[in-house]
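Provided herewith is a single structure, encoded as structure tokens, for subsequent inquiry.
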Amino acid sequence: MRPLRLGMVGGGQGAFIGGVHRIASRIDAQWQLVAGALSSDPARARASAEELGIAGDRAYDDFETMARAEAARDDGIDAVAIVTPNHMHAAPAVAFLRAGIHVICDKPLAATAEQAAQIEAAQAESGRLFILTHNYTGYPLVRQAREMVARGDLGEIRVVHVEYVQDWLAEEVHNKQAEWRTDPARSGAGGCVGDIGTHAFNLASYVTGLSAQALAADLDAFVPGRPVDDNVHVMLRFEGGAKGMLWASQVATGNENALRLRVHGTKGGLDWAQESPNVMTYTPLGAPKQILTRGGAGASAAGLRHLRVPPGHPEGYLEGFATLYAEAASLIRHADTGAPLPEGVHTPDLSDGLAGMRFIAACLASSEADGAWTSLAR
Amino acid sequence: MRPLRLGMVGGGQGAFIGGVHRIASRIDAQWQLVAGALSSDPARARASAEELGIAGDRAYDDFETMARAEAARDDGIDAVAIVTPNHMHAAPAVAFLRAGIHVICDKPLAATAEQAAQIEAAQAESGRLFILTHNYTGYPLVRQAREMVARGDLGEIRVVHVEYVQDWLAEEVHNKQAEWRTDPARSGAGGCVGDIGTHAFNLASYVTGLSAQALAADLDAFVPGRPVDDNVHVMLRFEGGAKGMLWASQVATGNENALRLRVHGTKGGLDWAQESPNVMTYTPLGAPKQILTRGGAGASAAGLRHLRVPPGHPEGYLEGFATLYAEAASLIRHADTGAPLPEGVHTPDLSDGLAGMRFIAACLASSEADGAWTSLAR
Amino acid sequence: MRPLRLGMVGGGQGAFIGGVHRIASRIDAQWQLVAGALSSDPARARASAEELGIAGDRAYDDFETMARAEAARDDGIDAVAIVTPNHMHAAPAVAFLRAGIHVICDKPLAATAEQAAQIEAAQAESGRLFILTHNYTGYPLVRQAREMVARGDLGEIRVVHVEYVQDWLAEEVHNKQAEWRTDPARSGAGGCVGDIGTHAFNLASYVTGLSAQALAADLDAFVPGRPVDDNVHVMLRFEGGAKGMLWASQVATGNENALRLRVHGTKGGLDWAQESPNVMTYTPLGAPKQILTRGGAGASAAGLRHLRVPPGHPEGYLEGFATLYAEAASLIRHADTGAPLPEGVHTPDLSDGLAGMRFIAACLASSEADGAWTSLAR
Amino acid sequence: MRPLRLGMVGGGQGAFIGGVHRIASRIDAQWQLVAGALSSDPARARASAEELGIAGDRAYDDFETMARAEAARDDGIDAVAIVTPNHMHAAPAVAFLRAGIHVICDKPLAATAEQAAQIEAAQAESGRLFILTHNYTGYPLVRQAREMVARGDLGEIRVVHVEYVQDWLAEEVHNKQAEWRTDPARSGAGGCVGDIGTHAFNLASYVTGLSAQALAADLDAFVPGRPVDDNVHVMLRFEGGAKGMLWASQVATGNENALRLRVHGTKGGLDWAQESPNVMTYTPLGAPKQILTRGGAGASAAGLRHLRVPPGHPEGYLEGFATLYAEAASLIRHADTGAPLPEGVHTPDLSDGLAGMRFIAACLASSEADGAWTSLAR
């Protein structure tokens, strides 16, 4: 099965989420990045493409050209990932959909309702797929939570609490990430509510399967001069009578990226937080609280479907492993081509292996000698 | 910079750690898997290679042939990853080192001291690199812990406690992973002590920079009939007078993969556990305990070097993201080629994006209307 | 300094909070229970008094008689504790205040606004003290939190989140505690909001020193047929512009008694939860999160004022200790008077002390013998 | 049922554990402190007794006199609590036992084996009770753990890990508590091992019901010049083949009073830590880990026997409550006698009650008005 060909709009040098999309696309070896319009600045677009190993003729200056050219190639991209600021989602999405190319798009959908409607129309017309990367829905335990609610483990849902709180904008911040997110021209009228409130809102619906029908909100911009909201309080009413609260904040001092969902039904409750994504608690009413782990005892079919590593190996285990591979590459390049070695390479090597062998032997010997102290010297 | 070319010995269908090595090698886009002798069973070796997109002429029946052939190619592999059971590390390691090819090898080094000596001799003669994948050393906070100890944040180290406890072998288990690990012919004389005890031992030394000089051990095989140890108690004496305890167990009911290191010096203490790898506590003597997060406030240079995502985005965030990419591939293949859609694809799409837009608009409207309940209906 | 004399209204056999008040009154040896009108049922009132060692002539049938009689005695009570259901606070409070006796009263103040006004008037007229047992304000770390906010550690307060969630009323419950709390005639019109919502509300104000000025609320009675609310969602606006959310619930499956307060200011954030009352986190903006412990490093003057045991000895340590004293009493009564011994007395005794001595000796001997295995046999 | 009469030896001004004993003895109203030889310094003994409300004729200068005099009284003490340093346990214990008075004694039993033997002989001869306050055995969840092991919930016990680690002696410390504990003449030859190692050892045996048969130990005195151990590493062998590790330390930087017990059997594992004494995890092999709470779902008979407050009300709740009672006493004394008011009295009062009433009313009103913002002004 050949990997699919991926193009990217946005995500050039200095961007955050574009790099995340690229890593994610590599993990399962199902995608290959082959084309891009990586920046609205053509020089940066080309330099970024070169860094990423994109061939020169597929490093485009703008997304319109890219959509046309890729649609015309036999080996054109299967899908495009749109990783620009919110106000720049709609135009490329429409262009690629019209060109017959599937779209993977970062959230929120767009900066304005008009832009959203344009995307909707283009998608309907094209029949192409539109995938929105509410990435928190990809965690195995979120999938399991959704399945547990759907199969009735919690009974009828009564109360849903979701919060997504950060503190990185507790003061005025000047960097690329902060600037477009607090600029209504680029982020849309919602600040915090669009940037992370939508994640929280999506997660609540994703897991419970309930549509929210009405809300009461209280939005603030606490940092003086900020033109968009940075703290969001919402009460929610769901279909069927469930009630909810949603809190999103970028000024909640003491929080990094604290997205947490709690769902309470007539028969039980669930609690999941993305900063510890490998555990979720589930309490059947009247029984002890259970700690469900990713893929561990009690995992549901949905919870087992996306395991890459066994229980107890936190997702993150792979990145730790990847660091060794990255360092191995540096060491090898250094050895073979004289390329300078980056600082801080501390990879275990043969000496560690030999020390480990001595450790094993000493353990066995000491234990056989009734615990006698045994030297580890070579 | 071209990606390096990777070969693999072992890791065919049914294996665990080989797949982990492959994912790890892709995350940073520095490696490309191009050759393999993936199984000692030639048919399985070829089938596995085909699945992984390895060209037919580089899918080898045995590692000796592979070492010779790859060494002879202009585009031969830069390194080989050896991911076989312990007793099968030495022979391929020696073959590839002699062929002038760098080696990345899983731990422990070998099943016997003789095998270890053979690797050592071959490496010394060849001058090629030998990287041992004690993967827990790759976590950013482990790097930070090492740096904090080295720069004196903890003062002089007095007491080191390391434990690595699991329960998956609390009963007799019959599967490929369990069988070779409890077979002295394949694992070596040490069971638990070799499989995970060496990780614990390595981590203690890696972080503290201290060599253990002597130990007193008490090993048990609690499961009746098991020919190797499954519980390991060790007291350690380090150079310079520090003392340690090490506990490794595969029968510690209630534990999945609980590796934890605590280091106590004259000026402070550290505590890190790999099941929550994004946090570490540090207590300067006489001051409040601090929760250090991966890349968060207080991160050291070493702790910042290997960040792929910001603080609060647990490593695992990438895998969640990757799931969406994998599902997008399935959806697209289904749409474009009619390939059957796997079960359980629940990817957010346009409707979620539109719901998010309505949410933002309703929040803004409700808040402007002094919190009036506002409909979310389309 | 003589202990003060305490009387009690309510709290007879079968009651909960009365017993808590009595234990609390004994811990610091400042009070002695000497009088009571413990039940509206005279027979139960007398039986309860006898159990508690209250002299027969001070076991009253009703609170009016008690107020008159105690006021007339030279050794009359210094204060009365009113621990009746909500609708029965006002009448005794007024009676004792008018009799010139200080009042300690459980919360909420009363079942109706009219009753509250009566108490207010009587207190103003009498000049006697009126203490309301919002007991969560008594935790040392709550005192410390209040002080930290007051001295500016958090800067200007922006966002306050408080929740108090339980699940004991997730279904219809039939017992004395549940019945009066869900009967508007006894609890007042508010159910959950009065019972625990007031605690949450009080705690938020107590710690922040801020008055709430307006709120928007959404109350539900999820259990069919329940005449009072069992889930409470509130958005709050405080003086000076801070915003808040309050969630109180008795149907939040998976929660026992989860009161939690989070306060976020311009310079830092605090997080405290009463189910783990000995720890609180404090994050100065831009610095690592600190775990403040009761009386530990970083404790403020207010946090040190009410320590009865050192840091690390959770409050609860005293109750564990008290259990041994209670068992000792049982053992002694059994030994001296032949009173039957209750089940489950498992108090350490001499044999444990001797085992401990052997343990110490063996540790010393083994260590002196370089860790040789040392017998613990007598 | 009359409270028992308690005498105390030791525990005068400046002592720690004596005060703890007194509080513990009051909590359940089963004891009354009526006599004491509270210090070896007669003046301090008398001043301490006066503070505690002990009558002048029962404030003794020395324990021998006290034993004789109390034995001769009709209303003599039922038991004596011995709360002196270790080397001063034996003499008073012997004296009171010989006088026919029950003894409650702090741990460890004595400073030397000779002293222990004297106590043992005196107890055997007298037939009086000897209660040793290994107070950690008094926690409800410790009782439940013991019962769970005894009834076979964990199967056959294989591995027991216990640790009791502190850091208060990580440097040389000069105060009354530190000095006698590090003076072999007063503490006995064991320092840390006697002071807290015995608690850990006792707890392991108490819960598992297993006798340790042999041990291998490695003791250190890390602080220069300290004449007794301050770090203790022990490997244990229990009857029947179970193995254990024990770590006790007073130099483990970052720990306050961290006693933790883990027990692993063939069918399941338990984990309890006294700094969070209201929760314990239990994992039946192959099933999700359960969080057992004090008195919560899944509580055993033994776990329910010593509840004073319901689940979710951490033990500590009582002390919080007690603080309000203590402050109420201060306020009342101030009001009635003009006694000076201590600093930091912050007791909720009528105004808080009124605020709570307004809160309830506003919640109800807002909710009835479909969540309209509702003023909280008076």
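A few comments on the model shown:
So that you can tell them apart, the chains are marked A, B, C and D in the order they are listed, and the count of residues begins at 1 in each.
The rule is short, and it goes like this: a contact is a pair of C-beta atoms (placed from the backbone, for glycine too) under 8 Å apart; a residue touches a chain by one contact, two chains touch by 3 or more.
All values reported here derive from a predicted model rather than from experimental measurement.
When chain C is fitted to chain D on its Cα atoms, the angle of the rotation, on a 0 to 180 scale and to the nearest 5, is 180 degrees.
Set against the C-alpha centre of chain D, every other chain centre is closer than that of A.
Counting the residue numbers used at the interface between chain A and chain B, over half appear in both copies, so the two copies meet with largely the same residues. Spacing of chain A relative to chain B, judged by their CA centroids, is 21 angstrom.
Chain B and chain D, compared by their mean Cα positions, are separated by 43 Å.
The set of chain D residues that touch two or more partner chains comprises 216, 218, 235, 237, 255, 281-282, 289, 293, 296, 371-373.
The touching residues of chain B, counted against chain C in their complex, run 216, 235, 281-282, 286-293, 296-298, 371.
The residues of chain A lying in touch with chain C in their complex are 154, 158-159, 161, 167, 170-171, 216, 218, 220, 222, 231, 233, 235, 237, 241, 243-245, 247, 249, 251-255, 262, 264-271, 281-283, 285, 289, 370-371, 373.
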